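For clarity, chains are labelled A, B, C and D in written order, and residue numbers in each chain start from 1.
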Amino acid sequence: MTIRLPITVRYAETDAMGVVHHASYVPWLEAARVEWLGQVGLPYVDVERRGLAFAVIELGLTYRNPARFGDIVEVETWLVEVGSRVLRYQYRLWRGEVLLCEGFTRHLCQEFSGKALRIPTDLLGVLEANLQRV
Amino acid sequence: MTIRLPITVRYAETDAMGVVHHASYVPWLEAARVEWLGQVGLPYVDVERRGLAFAVIELGLTYRNPARFGDIVEVETWLVEVGSRVLRYQYRLWRGEVLLCEGFTRHLCQEFSGKALRIPTDLLGVLEANLQRV
Amino acid sequence: MTIRLPITVRYAETDAMGVVHHASYVPWLEAARVEWLGQVGLPYVDVERRGLAFAVIELGLTYRNPARFGDIVEVETWLVEVGSRVLRYQYRLWRGEVLLCEGFTRHLCQEFSGKALRIPTDLLGVLEANLQRV
Amino acid sequence: MTIRLPITVRYAETDAMGVVHHASYVPWLEAARVEWLGQVGLPYVDVERRGLAFAVIELGLTYRNPARFGDIVEVETWLVEVGSRVLRYQYRLWRGEVLLCEGFTRHLCQEFSGKALRIPTDLLGVLEANLQRV
């Protein structure tokens, strides 16, 4: 299961170099994995209602080409790894055929208190069914 | 009681016009009133520990001169109005003698649930003692 | 000409009160007037290509009900005023039938250097044709 | 040369989990390396005046403990690598003795047009003199 979430670059996301600021990509990844979860049938609002969170514990991004105001950036998103407590998503960001950015995030399943938890079996089943290792 | 909180402009707060984006000022006002509360002896973390919030219900800003990366902006902040449930802060933002921006915020005292509350008497006393109407 | 731009609330736009932070609405207004300009045939990227900007010189927002993660917020946007150098947009933000927020922005037509300019006649014509005073 | 830039967490930097949002750390790293450059005698505004930028081309962060509103976070920052065109900074973020986050950024020296450039000899000399490999 791979999705592509289109993001219309906001002026507020640019910086004085005239391009999108490198921090602005991070909420896009989040929006994309929220969309992914919704599409596999696990809306993140429901995850939260169960008292769970997939907190970000690691983040890596490589910037290849700048995005600009006016661009529509597609955030290609897929789940590459599921453990008993941990998820890993991979991302490629595109403007048409141009690769702008690549990256990943790792997540820990936890209570709102911050305590790590095993991913409940029903969620784990859905996540594993939608894994895409490459 | 008027404070002046210095803010060092972050590159992330600029936009493609080469100046600070107009939305970037809003968290500065917040940082400044948090500092004001600390200085009058009501740290906002303590306000929150009591289950209270001073939620923003109105915001107005007039932009006079752009701020730029590298500037140190001073956020002059004072409390102009206190009611039984409502606060109003006023702000002037300066780079040296240059007025960059003026504005205000209004706040409603509420529970975390969002329910409006009377400001507790002890807080009200401190706020009124530090009012500055002009 | 009134548009309604749907915005899916991002987790990054919330704060520790569990609702959307008041500063997060400001880029939404911007996204909505960019969409408005596109729909009346004046894409903002083209405005910029002519060396012009509609810089924000004033901003006012009244918050009526909190937006939350998972909400889809519609930003109703229309142009209420056009002068030789100045524009004023009005906004109402909705979650379904619930009014979340109302506000306005005022803009000054300027060069990238910051110098104020008369709005060029062809742009002015399009803007006036799409005014909606109420 | 290692610096520690103190950052007072802003309410706007938190999210609905009640902690600092993972994207909020990214501008802190930037503020810290700007401070580092200032302290070694290469204010970034001067770098920009020469038509140069140290654009971020890679970013990695590992989150160990959450930061919260009210925290003062110290961003320990040092330059671990200098090439003819590339820089790498390393970061550790602390609240007192508690390690909150670790990470790095890589930068490419470029013109404002985006074209990669050799770092000018005088800058390179200062950077190398302030390297700290571990």
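The criterion applied here is as follows: a contact is a pair of C-beta atoms (placed from the backbone, for glycine too) under 8 Å apart; a residue touches a chain by one contact, two chains touch by 3 or more.
Computed from a predicted model, the values in this text were never measured in an experiment.
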| request: Tell me which chain's centre, taken as the mean of its C-alpha atoms, is farthest from subunit C. | output: D
| task | Could you tell me which pair, A-D or A-C, is linked by more C-beta pairs in contact? | result | A-D
| Counting in whole Å, what is the centre-to-centre distance of subunit A and subunit B, each centre being its mean C-alpha position? | 33
| message | Counting only Cα atoms for the centres, state how far subunit A is from subunit D in Å. | response | 23
| query | What is the distance in Å between the mean C-alpha positions of subunit A and subunit C? | reply | 28
| remark: Note: subunit B residues in touch with at least two other chains are 11-12, 18-19, 23, 26-27, 30, 69
| note | Within their complex, subunit A touches subunit C through residues 8, 10-13, 26-27, 30-31, 34, 43-45, 48, 69-70
| note | The answer for subunit A against subunit B in the complex is residues 11-12, 14-16, 18-19, 21, 23, 68-69
| query | Mind pulling up the subunit D residues that touch subunit A in the complex? | reply | 17-19, 22-23, 26-27, 30, 53, 55-63, 66, 112, 114
